[in-house]
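Structures follow.
Two complexes, one shared chain (chain A), two partners (chain B, chain C).
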Partner chain A sequence: MADGEGTMALMIVLVIGNVFTAMLGVALFAVAIWVAVDAYDLYPIAGVSGKDDIFAGSWIAIFTGFAFFCTAIYGIFAALRKSRGQMLLYLVLMLIIYIFECASCITAVTHRDYLVGNSNLVKKQMLKYYADDSYAGGQITKTWNRVMEDVQCCGTDSPMDWIAYTSTFSEKFGPTYQWPLRCCKRNSNFEVANPEACKIGHTSGIFTKGCFEHIESVLSRYTWAISWYGFSILMFVFFLLLIAMVYYMKL
Partner chain B sequence: MKTIILGVFGVFFTVANAEFELKLLSDEVISSTFERSVILGLPPCTLAGRSVDLEYNNTGTNEKTILRNIFPVPLCRSKRGLISFPEQNAHFTLKRDLGYQVMNLANGTEYSFQYIVDTERSKALLATTRAAPSYTQIDDGLPARSGAMVVITVILSVAMFILLVALIITLFFGNSED
Partner chain C sequence: MAATKEKDGRPGKPAGKESQPLIIAKTPAEEQRLKLERLMRNPDKPVPVPERPKEWNPRAPPEFVRDVMGSSAGAGSGEFHVYRHLRRREYQRQDFLDRMTDKQKLDLDYLEKVKENQIAAEERTAKRKKKREKLKQKKLMVKKAKLESKTAEAIVLCVWLGVSNAEVPITPEIVSSVAIGILTSTTIMLKQPRCYFDRLEGLPCSSQQCEVWLVVSRGNVGVQTFEEEETSDDILSKSPYPYAFQDSTSPNFFITKVGLQNTFPCIELPGIRYFQVGADGRCDTTNCNGVLPTGATVRVKYILVDPNKQRIESGTRWSEPITLLTPSASSSIDVSTWKRSGAMVVITVILSCSMAVLILMLVLVLMQNCSSFTQGQPDIPAPPALSQGIRRYNTHSLDNSEHYSNVRI
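Entry: the complex of A and B
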């Protein structure tokens, strides 16, 4: 009977663990949808560079989050019914979902390192694509215009980026305009406050903060939602699955 | 007597030809050197009202350019913002109160600048225009693997492996009991 009690204890642990896993899965599903929706509209920075697996990871996490939810519910019934076959199916399904979720976490955090490990990639992309005629150029230009307006910043590290390197923008508009007009401080009616001050780079007329801090913080926030949260779920599910395997062997 | 008069005149002569400071404008601007232009500070306001000439010399090719009567020295007054009536022609844009932007320079070249106000000259200022490298020279490869990436990758890879092995063992032992 000791064995039976042990099995009973394992069953209770499994049921509670699976309830918790179901809740975690739904939360992952929700958070991954938030990342995929990209409220800050920074996807083009990742998309044009080809390092967009933060968002690919979020799509995978939408699938795995919901799958964890469904499979965990199934696991509750499999444990309560003390059925070997069902427990085995539960284990196999959970392992498959586990592997997909691992892929999502790892790839999201790796591509985040590529994108915002330092400011070089974002800076080079800005200099190459801002004001460029191509489709990618249009995307990057729109994104940067929005960021500069919302965050009140100019350039990646600072407006110096625009004069420290040549760029597509400087080829088209230099030397009359050293930096885009979106770098200029504006009135509430969106008129440029002081065009001459902005043109020569006087601090009263131009934003002096760089935009990289904002871009890095947003992309990192997305990444932590997918990779660190996914990682914590996987650590919990790891131990749950080991317990489920012990339970299966005792059935 | 004559010696004293000569001495006095000598002093006046030195004072008249005193050299005043000339610096690049560094106050409150992003940069004073661009690829094709440079922003110079203004002559001291003690010379207010007098017309300024600028003489600059490309130190490489020894090409001299003189711009005559480019602006009158502004009055002494407390610091204010930029006055918003610029003068423009093909050669320059004047920023009153702040500095003077010398346009149409060659990039990556050293120039020597000197103001001439009547008989007074400023000290010569050596300044180099920027030679901005191409953006293609920025290295945008993977900068470094962050701690987060290493931890997540290593721990998850190990966990996946353990689970896979454990599942195989479970199947093996589970079935052999039947």
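Entry: the complex of A and C
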């Protein structure tokens, strides 16, 4: 009798756990869609460097989120029907999805570290590709222009980056312009507020903040959404699967 | 009401006072609080402060000792106790005396220490005062000497004004750090020559006519080359900018016009005033303000030029050597030094371990599942006393109820 009660308890736990997993799966699906869509503002920075797996992780998470949802619903039925074969199928499917989701989390967080662990990669990319004529250069130039305008920043760590290193920009626009004109403070009608001050680099005419902080926080935000949220789902699913295995053995 | 309060003639509380609810203090803090509250209920009443208990002094020896035994008497049973008591008193007295002396010694030591510290402090103050006096004297002497030398210099200048190459004792400098671009790899922002040449007299041109020019020379070679050719008549066009820094045989200096002398008046003008060397970019006229070679070390000097005669009338001193920045190559930035964040390590390790555990558990479960199929039903233990041939009975339990009832869940 105690055995039967234990199995009933396990079944209830499994059903509730699977309902929860289904909801979590849908939420992961939604978050991953958001990351994939929203990220195309800053995608070139990751894409040009070849380390865009934060977004590859989000694509995988879209599929695994939906798959979690479907498999969890199937798991509810398998637990209620008390059939061994169905429980086994449920376990195997969940394990496969688990492996894919692990891969997504790990790759997202590793690539985020590579991209924005320190400012070197972003700085080198900016110096090399800004104002370059290639396709990658055009993308980077557009992205940086938008970032500099929105966040009101210049350079990676500061405008000194443009002076301290050689760059494609300095080769093209030479000694006349030390830094791009997007670094200059502008009026509300987009005119440069003080061209002289911008040329010499006075704080009244140029943005002195560096853009790396913003880029790092945005990319980190996407990564934490995919990897930490995925990690928490996986921890929950881990315990759920252990309980499911115990239930399967008792059936 | 008053009658009921006075029971058995005991004095009750005076009428009009309400009884306070009985609160028992559970912590020392609460006890203190209750006491304070009681005191504060009548703040005008003086608080009873008990006197300090008297210091213990050793008992004075008694004036009369009763019941003295004869000197030849033997000791009775009580003698030991008498002796015991007087021994105790004696030890106490000795102890008390020792403590008193220790206390007095400590007091005296403290007083002496205080005195010594005072003396040391006074000594230090005196030493430092002497030092300060010395410095003050030195400064006064220097000021006096400067004043004397200035007057001497002024006299000398006045005497020398007829000759060219007069030097104004001012050193050109970079503007103080108000902007990012004051020193780049190809340009320098210098302070404007405000009021540099206004004290000179006997010039052939007025301040509306005289022009201020700038000499930029690279290294000592440039300085020497310029100073050798300073007095020649065509000095202004002697070293055109495009050929100034070409190779080792070039003059390594060029001269460019800054402006009229009266555009740099002595009064303070608003805004940031600077003169940017290299503002014309890569130009090719003789006296243009072109960019300097990257990373070069240059020295600059403002000169006062008479435009009619094209001669140098006066000049400042040479500036300190200014080294332009050498930008590093962007390919030298090392992208392999990214640091692994703690989050990445945590996520990777925990997820990999949990994945391995799950796969292992699934494999174990499957193996057990397969082995349980071949063995029948091992979860029901075989009765130990029976042999192999006797049929086994399955008990009716809720687990197997689906085999025995027609109620489907």
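Throughout what follows, the second predicted complex is superposed on the first by the 249 of 251 C-alpha atoms of A that agree within 3 Å, B and C clash if a C-alpha of one lies under 4 Å from a C-alpha of the other, contacts with A are read in each partner's own complex, and residues count from 1 in each chain.
Just so it is clear, a residue touches a chain if its C-beta (ideal position, glycine included) is under 8 Å from a C-beta of that chain, and two chains touch if they have at least 3 such contacts.
Values in this document were obtained by computation on a predicted structure and should not be read as measured data.
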| item | value |
| --- | --- |
| Combined model on chain A: chain C and chain B, fit or clash | clash |
| Which superposed partner A:Thr208 touches (first chain B, second chain C, both, neither) | both |
| First, second, both or neither for A:Lys82, with chain B first and chain C second | second |
| Touching partner for A:Asn194 - first (chain B), second (chain C), both, neither | first |
| First, second, both or neither for A:Lys124, with chain B first and chain C second | both |
| Contacts of A:Ile12 with chain B and chain C, given as first, second, both or neither | neither |
| Chain B versus chain C as contact partner of A:Phe238, first or second or both or neither | both |
| Chain B versus chain C as contact partner of A:Tyr248, first or second or both or neither | both |
| Which of chain B and chain C A:Gly4 touches, first, second, both or neither | second |
| Stretch of chain C penetrating chain B in the combined three-chain arrangement, among 45-53, 63-71 or 369-377 | 369-377 |
| Intersection of the chain A residues that touch chain B with those that touch chain C | 84, 88, 91-92, 95, 98-99, 102, 105-106, 109-110, 112-114, 117-118, 120-121, 123-124, 127-128, 158-160, 163-167, 170, 174-175, 178, 197, 200-203, 206, 208, 227-228, 231, 234-235, 238, 241-242, 245, 248-249 |
| Chain C contact footprint on chain A (complex, rising order) | 1, 3-5, 7, 80, 82, 84, 88, 91-92, 95, 98-99, 102, 105-106, 109-110, 112-114, 117-118, 120-121, 123-124, 127-128, 158-160, 163-167, 170, 174-176, 178, 197, 199-203, 206, 208, 224, 227-228, 231, 234-235, 238, 241-242, 245, 248-249 |
| In the complex, chain A residues that touch chain B | 84, 88, 91-92, 95, 98-99, 102, 105-106, 109-110, 112-114, 117-118, 120-121, 123-125, 127-128, 158-160, 163-167, 170, 174-175, 178, 194, 196-197, 200-206, 208, 227-228, 231, 234-235, 238, 241-242, 245, 248-249 |
| Parts of chain C lying in touch with chain A, wherever the complex brings them together | 178-182, 184-187, 189, 272, 274, 276, 278, 281-282, 291, 325, 327-331, 333-335, 337-341, 343-344, 347-348, 350-352, 354-355, 357-359, 361-362, 365-366, 368-369, 397-399, 401-402, 409 |
| Touching residues (chain side chain B, partner chain A) in the complex | 28-31, 34-37, 39, 81-82, 84, 86, 93, 95, 98, 101, 103, 130, 132-140, 142-146, 148-149, 152-153, 155-157, 159-160, 162-164, 166-167, 170-171, 173-174, 177 |
